[in-house]
Structure formats: structure tokens, C-alpha cells
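Here's the structure we're looking at; comments come further down.
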């Protein structure tokens, strides 16, 4: 347990000069361009460079544009929670995307244009988020070409209709299956495996585990109120039905408030041997900790946001988590495999953010960058980088995440394009060791146990809309 | 009600469950009471309802976490010689010494805030002062959040999640710790009120001007009230960070900032100016909350998820309907 | 006769006129013209500088309006009657959910509208409850329902006093959140909420609204307005009506009774003002305003979630009142503008500072001192939005600055913005003396 | 002997005699909806139209008839200025009675004296306090008083005395009587003759007991026409219905009667009653009167207020204040040299000052709309007038006395000589002379009174053998047109060195200091001049606060060495203006606030020199 980098206020473990959200990308990129033109960086960006040089020499005027795209820049907006409850998580995701664009810009950008991030903070408040959206989507110089990250389902749901009207592409930072709703439109670009499918895969995995041990799986599902909880719960319930598992305790949306005695009591009394959670890390820790303290033994897992390696593997419960917890997810942990994508990511951070601590969620931001780049390049190739053109382009591409996660496309029906793969990770408390990126050592304590895999029930299931 | 109790009995046995629930209620009540006393002292001393208690409490817990985790102290050019070695869990005495240090730092924070933001407001209406504390709370929030954002801040509890077995019930050491802390706090506050400062504070609470005329340094009383208040809410926050309490041994971004709001019904029930009231109110509210959580769990679908969280408020409303100044609060004499 | 003799009052009507002096009449008129020009200048008419009133300000400004309405109600309860409540968010919520139930679109049919039916196992239902009624029904009823709930809880509220009341009403907010969680058929999803009816005026449930508020175009065939401008004017008109009501209230018997209770409740009672009755009235009126404000806020936003009606929202109103100055309409308006726009302004300021990091000069130097762009730079503000730890990012500093400004404000001007205005006014009133 | 020989004259009027009541009646017919008076009732100025006013006058007059008031019966009024005062006054005149006004500050003894001296049959008391002054003595002490009417019922228990009657009951009685006997009052009014005594004005009597000066209808008519109708007096035009005045000086004083009641009935000027003596400045601001008459004390007070407030103002305002005060003095000086006209330089400077300070200051003082301001009844320091000229308030000094219905001399627009009391009225140029031997000013015109009530001997003493009224004031001609008052004959000090010195000049100069409330110069038959000085509590107190001096009582403050030093500086400043023999060598502080009730001041706040000298004899002796 290393806490070196915490509130060490004047040790000034500052960060490498980074672009200021709204206006300084050029300076930042210029500063970095020489140093980052290292062999690894250029070599890895093969896909980028093949398309880019050709575009770069041509006069940009041939590409139709409306807002957020000029002859030399493309503005990409982020409506992120940087001061609210998810600030720490989202800040690292934004960091991932920032570094991604630094690399891309150093290599000539997209279609000869530098990518400029416009980051606005929503604090996870709906009203603020809507206001930010209106700023980003403004049909003026202030507007952006697309929104590469929109934190949270509530805010995404709130802006979905406007976004459809404005015909602007939005990548939500939310894995609810809500975005499959045809009412919401194709411009809300679902990313990664949704909670519903994740639950189904995860419960299949846990059920197999219990069955291997010779027990009959008895499932307890814990979810919090809200569409995140509902989506995860829907998947879990679906899995139980398809796998014919007995649900001994279903706390649908019952994990609410600060006192979880009731849930723990019922969970412990239910006699479940599989627990699936769709909770926040704090709720997970409380319920898990209290249940374990009362001698409750089961195989636990839950949707990705239920677990936070920092809180769970860095706290007093680390050993219990090591023992009972399997973590589900759809991106590869830091240095979790040796795929091309992971090598790019690690190399870029080692180069550009050597003092940052390693983190699993950089990959999410990095993947957002990959998505945006793929879509924008397609749009550029189509000669239409208007907002509508970008939305159209998004339907034509397949994004190659280069091993960071399952690849994705949005063509065809929802059932065709939905991502069905997910991972299961083993939590290892002893390996948990957060180090600066530059050290080259350390681990988040999560290791791929299985995956990417598609459980049978998911593979066969026909998804024709949101699970809820 | 009867079949609910029977249901509970069926699984783990009635008595151990009851005992466990009771102990949990007492432990939570201890924490509520300690924080409640923190509110009451500030209110008695300065007539301010301290809405910044949440921020101060969390800052106190963070100080503790910094002391027991990091050798270096923020803003200070020397390191903490008493810090446990990095990566090890401290011994109990060493942890306690660090606890005292953390409380002193929290008290200093309270005093500084009082000097900067409260002292200039003497004589202003109650609610202006309350909003000042809300402003402080708003301003403290981001610091707390930022400090916990990189990683969960462990409190390095020496006894971790250990528990004693007693009559078939598991009794976590943290619960006992919280109760001991509450008793110690209550005793020392009582002693304090018998000391000269304590008498001075009571005089100031009674009539600021008269106290000043008697040569009491009202400013110092204000300062001490805030120092004590800050230290007390920090004690509550640190002990609430432990073991089977929800933060599970950490300073939690999710839980700690709102902890202080949960104490509001306690002080209202006990009466804003009554220290024994805070104690009894804390125990009563916490027991109501914990017992409702335990024994009404079967009826969650009727009562709604998370019903136990609002039990304190409902208890508070009912009590206030009967006694508008709480159970122990002194009734304000209204003059024309 | 009285011209040029502003202090010569020959009747009480002059004394309690809404705008007692020519100056105030003129100022109010100018303010109205200013608002209209300002909003019209937002793009449509090119001759008003857009840098002053660009699009970025119109939305926040519109958002202020529902808050201003709710703040008027809070002022009636707290500023006029002297009852400090932290439950205003709860009543806003009641109004908002009344609005969405009456005016929203429901997919659960009538069955979904039976409250608590599935909690007690009576009905198994799904979907949301919404009757799709037009605004002229749901808007007033949102206020009425909130007022009814206010009357319902008033037995507890009128008994307690001062800080006790404040905390009791805190309980109301938490209980309200719990109920919202229990009633998703009304409240929608706990986190992402549900869709509110749009601000269109329909005569009944017809397709094409009578007056459209969500399309750019000519309004009533008269003047070309954008969607945002239409919404602004619509809300502004409602605000004006509500302001007139509030202003009138303090001039009535009820208003005087409420003020008497504020100034000395016991004295008021001795003088024959039934204290509990009028406190209840104050509570109901305030809740009515909160209900209207909440309904409009949610409808303007299009979607809110129950958690938006949290204690923080209530606290905002206390800040509004104290910063604006309690007891006056003008103060309430100033407070609302200040509190609601301050975060935006702080944000603009920090943005502007970071934009000037390399510009040199005094501003550049200031930015250099304040901002940290890399290691070895000791500014407290990190230019990277994404850097946790010290230095903190701009986004984390914003609430700090906001909180500190509130503290500084109250320390230096305990009577709020209105107090500053009074000071300025008295400075000129007393000219060339000071008293 | 006692009767002025030449009458009737009133060339200027030409409309024959009209009593004040008849004039009021004319207004009621001519302009019934016109506002006649305003008084402040529960924070709001209540307007009395002429119709309403006259109606009430008629009710009161009928009431008086019902109470058996005969021609020539005296009705006493003991009240602060308020509409009822005017109504009772007019009603009394209407029934050919005689109004006798009492100062509200009159103590018991003076009330007793006045009531019995005049033989009042009806007494109007404002409230319990005033009524008690009568009721405290047995009924036998007031043999003539038949009814005591009170206006404010609060605190009065009717059963105490059967003479008591409520004002409302009185009016009701009048209404009843009017119904029963319509036209009786009108008949009485028609019979009114010029020789009818309409009012007794009791002189304040700095020496000896007060004497009731009889003014008859002819006097009043003359005074109204001469003072009000002199176009040279007021810039613009003579008073009219657009003018308003604030009534706050006691109405029983002849000056206030002329400038308010008689201006009201004569010209339709709107009368505004100040709420009380403490609210004058507020009321002034509200009313912004166009005509304003104040005794020197008022102007001194206003000047002091300006100075204090100016010094108390915030820094920036102070920065502006000081130069503008200097500017005002400079303009005032320039204008004084130009006899009150506007030299170009002064006009330009005034515009500058007007924009920044003067306009606001005048409005704050309530003089924003004033087109004529007057002072009289006592000496005033020319510096003060200069200052007010400087801020654009033209204050004209007038001279007159009760015995000549206040008609003697006046300063006129464009011919304003500061330090003089002006010239004779243009229409009656020959009415004023200065006795070459004694230097006494004497007047002779139809305004001269009919004599003292019940004191034919005293009356005789007041007239010269050729029928001129002796004013008792020593005056001298300035430029053969203007008259400068030296002093009261009786006050002239002849020092041990045989030098004649007029103390009032020195006193008024002393009193022009904002810190000095009252000053009395002593030195008759002494080696040198000394003075007793009373400080102005408000200004000195304010000064002390700013100097961080703490004090408890008036006496404590007076005796502070710092305060004495402050006053000494003021005395020095005065001494510089006078010849050496006229310098005040020593002074002592009067340790108490002078008071009417203690007999040190007259009801008009004039110093009773003998009483003061007696009271502080030891202080005086100390100085010699």
C-alpha cells in the first residue's frame, strides 16, 4: 500500500505540461511534438498515418464542414464530471483521451487538422450538464464537431433528444443499454459492453464456478436505484431465467441510503452462494464487508462500477476481496495483456505522463480517442465533416481497439452491432501496488481470468432494444 | 411485528442477532453522540449551527489518514516522527498518538475557520452565520474530494475488522472502540465544563455581553468552542471510517461528507444546547435506525429501499410535534 | 403639486405604491426595455453587441427565472414571515412532479397512477404515470398541490421555531427523496429522472401547440424569435406576474400579519394576529411559489431526477436570500442572479485567466502566479482539467471560490446585495451629507 | 390718546375691509376644492380643502354661539400649531370674538395670568398637558372661563371638571346650533367693523408682565395687504395659491400669524403644519415650502446642522463639502455687495456649486423650492445671511413688532442690505422715522395697534405726543434708505468708560458660531465687557464625540477645558470684528440649558436678561 502521491502538497509531483482544456492544445502539442516523435509512437500509429498524410497535403477545403471543424483544427467536446462524485474516475479517463490526442496531433492530427479538446465540467449535475451540452452544441464558433465523452446516463438521457435534433454525435460515458432505444437515435454512440450483457456473462461465469465445486448456484442480486442498477439487474434476472438459477434474494433498487443493514441482513439470511452487484464501490464495500464479517461466504462479482481496486484492494477488506471477489469488465487492466493497443497506451503514458500513477481507466479514455479518430477519419474520407456527416460516418465504421477491448461497429441492427464480449478478472490483493507509470512496475491487482468471452446465453440471445 | 422477529430468529437465532444489532446501534449512537456534542459545543459557545461540520469532520479523518500513512506532512517542513512505517499497520499506542495529533490539527482548523469567518460575524443574525458555515462547507468540499481522489485513504486501523465472539454474536472491535471513544469524549467534556474555561463558556452561552463585562475573553471562548467542536466531529468521522461501518476502514468520498447531516436529527432531538441530550439523542436515533434496518427488512418493498436512512427524521418529526424544543433542549423564553 | 416633492405623501396609496417614486417607475421601465433588448440582441438583431449578451449567457439567464420564482416564495416564508426553511427543494419537487404527472406523457396508463399500489402488492404495474394535460392546467395545479402539501406538513412546521424549523425541514427533503425513490411511476428513474412536458401552450391535447415555445419562428405572427428567446420571454412573463403577486402580498392584511410575526411573533399574537394561522398561510404561499418554480425549472430542463431536489437546492435559496437581502423583491432578484450566475462567472474568469497564461503583462503574470502548467510551477490552480491531487484543477477550484465568495460577501455585507443598493441609494439620498 | 388717529387708510387694498373670516369664506366660495391646509396624520399629509375648512369654521363659530360667546368675548387658544388653531381663530373672528393665543410652552403661572388678564370665557386646550395647566387650580382661580375645549381626548377624564368639552362634541354642538339657528353666524360676520378687536397678542415681555396688544380688523387687513401685497418683497409675484408654507413657530406670535394664517386667508397660500418641533427638518423636506419665515434661531440652527453634517460626511463628500462652503461664502459676499443681486461671477460660481452641492443641500434642508425666505423678531448675524445668500436662499430681514402689526421696514428684492432691517414699505414711505434725539425708531400707519388690553396707561406710554408708536429700538439710517437696528434702548450698555455699546450685535455675532446657543454680553457700568455663554448641546456634543471626549451632562460638557478652549476661539473670532472696547474680555459658561419654564427665556425664546443676570450673578461677579 503506497500512498506516496497523496496530499503531498508541496512535493509538487506535478504533471507534465498538459493542454489546457479549451484553448491550449496547440501550444501543448507543439511542445511535445519533438520529444514524442519517438519510434514507438510513430510506429504504433500506423492506421493514423496511412490515412493522414494523404489528407494533410490536400487542401482541406474539399471537406464539407459546419461547426467545430476549421481548416486546421477539429474541436471535440467533453461534458465530464470533474468535480462531482465520479471526478477521480472521470479525470483519469479524460487524461487518457488527452494523451491520446497529444500523440495523434504530434503525428499530424486527423485529416491535416489538430484535434482540440473542449472540456467542460458537469459535476454530475443534470442542469449543469445540459448547460454544458448547449455550449458545446452551439451552432457558432464555440461549438464542437462532436462530443467525445458525456459523463453519466442521467445527463446523457437529458440531452439525448436535443442531440438528436442537433444531429451531433455523442459518445456517452455510460454503459447502460438505454442507448439502444431507437427513440434516442443513432447519434448516441453506445460504447463497449452494456451492463445488461455484462451481468449475463458474469453470472454465467460465477454459476460455472459454483457448479464446478459441486454446488447448486443460488443467486442474490443487489442493485441500486437508477438506470444503472436497473440495467444490471435486468441482465442478472435474465441470466437467472435463462440459466435456470434460483434467485434467493433480489434486492432490485433496494440498496439506497446510507444504512444498509436491511440488505445485509436479508443477504446473509438468504443463503445465496452467488452474489451479483450493480452498486457503487462504497456500497459494495459496505455490504460485502458486513456480510463477510457475519460469516457469509459466496462467490461475488458485479458490474464494473461496483468495484474500485483503489478502494477495495487498498483497504482493510483487501484480503476478503482477494478471496471472494471476481471482477467483471470490458477493458483490459493496465499492462493486462501484451496487445498492440496496450503497448501503445503504456508507451504513450511512460513518455508523456511519467509521473502519473498507473490506472486501469486510462484505457477507457484511450479507447474513446480511438473511436473518435476512426469516425472522424471516415467522415473526412467521405468528404463530409459536418456534424451530420460525422453521425453518418459513425454508422459505417468498425473500431479496432487493438486488444484493449472487444472491437465494435454500429452498422446494422442493434442485435448485430451490440458488443457481447466481456472479461472476468481475478482480484489479487498481494499484487496490488500503485506506482508511477515511469517505474514500469506495479499493478492494479486485477488480472484477466477469462476473456474476452461471450457466454452461451448471451451468444444466443436476441437483443432488440434496451434490457429495461 | 411478531412474525418478522420470528423470521430473524429462524436463521441466526434471535438473541445473537438482537445483541449484534444492539451493539451496532450503541456504536453508531456513540458516533452520532460524539458528533452531536461537537455541534452542541459550537452552538453553545457561539450560537452558530455549524453546517461546515461535515467538511471539518472529513478533513479531520483525512489528517488522520495522512498521519498514519505518509511520513511527510502537508504544508509543514518536517515529517511526522510518529508515523508508522510505510506499508505497515501501526501499533495501537502509536495509532492513538497519531489520532491525538490529527484531532489537534482538526481543532486548529476549526479555530482558524472561526477566527477568519465567524468572529467578524458576531452579532449578526443566526442564519447569516449558518450560511457562512455553508459557504465554508462548500469551499472545504473540493479539498476533501481532491485529497481522496487519487486513491482510497486508509485509516490504518490497528484492529482492522477483528471481532470478539460473545454469546454467539460477533462484536467488532471497532464498535467497542467507538463506544469507548464516546465515553471518553463525554467524560472529558463534562470535566471541561467544570473547569474555568468551561464555566466561562457557559457564561458566554448565557449572555455574551454580561460575560464580557465580567472580564471573560469571549473571543477565546469562541475559539475554544470551535476547536473542541472540530475535534469532536473529527473523532466521530474517524471512528465511523472503521471496520464494519460503511467506509470499511477508509475515508470515504461517498459517505463522510454527508455524515454530519445525519447528525442533525440527533441534536434536534436532544436539543441544540444540551450535551446529555446529544448523547441520549444519538443513542436513540442510532438504535431506531439500526433496529429498523434489522427488523423491518422484510418489509422493504412496502417501506421503500433505504427506509432506515429516513427513520431518524421521522423520529425527529414525531418528537418535535410533542416537544418543540427536543427532549432535552431548554425552552426559549419568548419575550415581547 | 407633489411633483418635485417626492417625500410629500398625501395618502397611504402613495406610500405603498409598487413603485413609489417616478425614479423607480422609470428604472423599472428601463430595466424591462433593457431585458427585452438584451434577449433580442442575442443573435436576431445584429445591432446589439453579442459579446455582451452572447448565446452563452441566455441559457444561464433563462435558468435563473424559475429559480427566481421559487426564491420569491422562499422570501415570503423566510424574508417576510421570518421562518427559515431548508425544505424549499422538497416543495419544488412536489410542484415538479405534479407538473409531470399532469402534463407529462405516461406509458403506464391509469394503472400507473395509483400511488404505492405495488409497494403493498395491490397492483403489478409498470411504466410512468402522465396525463398529458396542457400547461394552463398543470402549471397552476403544480403550485396548488405544493401549497396543499405545505398545509399538510404545516402542523409540524408551525410548532417549532428558528433553527429547529430549519432542521425539521431538512428532514422533509430527505423524506421527499425517499418517497421519490418509492414512486418511480411519478418520479421516473431515481438517477436519470423522466421527461417533463414542454413549455408549449396548448388549448387541449392537440398536436400543434397554440403557442409554440420550442421552435424558432414568428411568435403569434408578430416577431421572429429563436426557441431560447421564446422560452426566456415566456418564463420572464410568468416571473413578472409572480413578482407582482408577491409585491402585492406584502401590502395586504396577510402580508402585514406575516411581517408582524417576523418582527416579533409574541407581540403579533398579543396584538391579535393568529400566529399559527398566518404561519400556515405563509407556508402555503411559499410552497405555491416553490411548486410553480419547480415545475417550470423541470420543464425548462426537460429532464430532472429526484436527486436534483436535494438539500443543496434548499441551501441555495438560503444563500440567495442572505446574499440578496431578506424581505425585498429586488433583493431576491439580485440574490438569485448572483447565486445562479456566480459559478458561471467564476468559471469564465478562470477560463479567461488560463487563456491569458502566455499573454504577458499584468494579467499574464497573474495567470502565471495562479496557474500551474507543469512541475516546478507552484501555482495553486492546475491548468490540466484532469489532474487530481495538488495543484487542484480549475473545476475543483470553482466551488471553493464560490464558497469563499459567499463567506466574504456575508462578512463584509451582512445585509446582502440589497444592503449594498441601500447604501448606494443612501449615499446619494444624503448628498451632500451622510445622513 | 390710545387710538391711532389716521384711519381708515389702506390705500393699497382698495377693497374695503374684510375680516380674516370673511376672506376665508370668500375662498370657500371661490375655490372650494383648493387645498387650504395640510397636517400630518399617522404619517400621511392630510389635505383640508377650503370647503372643508370653512365648514368646520362655521361649525366652530356656531359652537361658540351656542356657548354664548358675545361680541368682544375672548377665546383663548393654548395649542401647538394645528388646523384646529386656525379654525378656532377664524371662528372666533367670525362671531366677532377676540382670539388670544398662548404659547404652548407657557407654564402654569403665565397661563393663569393670561387667562385672567384677558378674561377669557372659552379656553381651547390642545391636550391633557395644556388642559391640566388650567385644571390644576380650582375653578375659582379662573373666574371667567366657562368652557375648556380639548382637542386630544387622550388622558382626559371628563368627569374631572364640568367645564371640559371635547372638540368633536363642540363641533357637534355647533352643527346642532347651526341647524336651529341658520344664518346667525353670517349675520354676526356682516356686522363686523374695522374697529372690532380681533385678537390680543401678548407681548413676551422681556421686562415686566406680558401685555395684550389689541389688534383690530383694520390692523389685520392693513398688514395682510401691505406685507403680502408688496410686490417688491418677493422675487416673481406676490403670494398665491401655488405657494406653501410650513407652520411651526407659535401661531400666537404675530409674525407667524401673518406669514401663515393671514397669508392663507389673504392669498390662498397652503398652510402645512409641522408635526412637532422635533420633526421640522423632516417636514421641511417633505413640504419644500416656497415661502419660509424663520426667526434667527432657526437660521442659526440650520447653519449649524449643515456644518455638522458636512463634517460628519464620508471622506469624499467632506472633500467636496469644504470648498463648496467656502464657495458659498464667497458667492454670498459678492451678492451681499450687490445688494442681493447676481453679479455674473457669483452667478457662474453658483451654477458650479449648484450642480454639485447646493441643489441637493437646499433640498435636504427643505429650501429647494423657496422663493422667499425671511427672518425677523430678533437680531441676526449678517454672516449667516451671507452664507444663505451664497447657497441661493435669499433671506430678507424684516422689522416690525406686535404693536404695529409687524409692519415697519423690510428688505426687498435687489435692495437687500445685510445688517439692516431694510426700508419702509414703498406704499407707505412716510410711516417710519428715527427720533433724532433718542435714536428710537417710530412708526405711524393704520397697522398700529389699538392699545394694550386693559392697560390704558401702558398704551399711552407707547405713543409719542404726535401719535407715533415708539418701538423701543434704537436705529440708525444707512444710506438714508435702510434702517439698522442698534439695540433695544433698554439694553444699551454704557461702560464705566462712558462708551455706548450695543450688546445684541456682539451677541448675534457670537451666536452665529454653531457652537454657541445663547450669549449675553454684560458690561453696563463696568470696566469691560464680559459674556455668559450657553453652548449648543448638539453641535458641541458632536464635536466632543469626534474629539473622543466623553461627557455626561450638559453641565459636564460645558465645563470641559477643551470645550472652554473651543468657545474661547469663537469669542476671539468675534472680538476681531469689533473695536477694542467692544471686545469681550472674559466669559463664563452657563451651566444649564436655558429654559422658558425657569423664567430665563421668554416664550419666544428671547433671553430675559435680568432673570439670567440674577440667576448667574456669582458667575458674573467672578469675572469682575
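As written, the chains take the letters A, B, C and D, and residue 1 is the first residue of each chain.
By our rule, a residue touches a chain if its C-beta (ideal position, glycine included) is under 8 Å from a C-beta of that chain, and two chains touch if they have at least 3 such contacts.
Since this is a predicted model, take the numbers as computed values, not measurements.
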Within the chain touch network, how many edges lie on the shortest path between subunit A and subunit D? 2
Chain occupying the middle, per Cα centroid: C
Averaging C-alpha coordinates per chain, one finds the centres of subunit B and subunit D separated by a number of Å equal to 75
If you average the CA atoms of subunit A and of subunit B, how far apart do the two points sit, in angstrom? 37
Taking the mean of the CA coordinates per chain, how far is subunit B from subunit C in Å? 33
Hey, how far is the Cα centre of subunit C from the one of subunit D, in Å? 59
Touching two or more other chains, which residues of subunit D qualify? none
Residues of subunit A engaged with two or more neighbouring chains: 5-10, 83, 87-88, 91, 225, 253, 256-257
What are the residues of subunit C that contact at least two other chains? 178, 181, 388-390, 396, 399
Full set of chain pairs in contact is A-B, A-C, B-C, C-D
If you look only at subunit D, which of its residues touch subunit C in the complex? 35, 38, 43-47, 285-288, 306, 309-310, 312-314, 317, 320-321, 324, 356-357, 360-361, 364, 368-369
Touch list for subunit B against partner subunit C, complex: 49, 51, 117, 120-121, 124-128, 130-132, 134-143, 145-146, 149-150, 261, 264-265, 267-268, 272, 301-307, 309-310, 312-314, 316-317, 320-321, 324-326, 332, 334-336
Under the definition above, what is the set of subunit A residues touching subunit B in their complex? 1-11, 83, 85, 87-88, 91, 225, 251, 253-263, 265-266, 268-269, 280-283, 285-286, 289-290, 293-295, 308, 310-312, 314-317, 357, 434
For subunit A, which residues count as touching subunit C in their complex? 5-10, 12-24, 27, 80, 82-83, 87-88, 91-92, 94-95, 98, 119, 121, 123, 125-127, 130-131, 134-135, 138, 140, 142, 153-154, 156-158, 161-162, 225-228, 230, 253, 256-257, 355
Going by the contact rule set out above, which residues of subunit B touch subunit A in the complex? 8, 11-12, 21, 24, 62, 66, 69-70, 72, 74-75, 86-87, 142, 145, 147-154, 157, 160-161, 163, 170, 172, 243-250, 252-255, 258, 262, 289-290, 293-294, 296-298, 300, 305-310
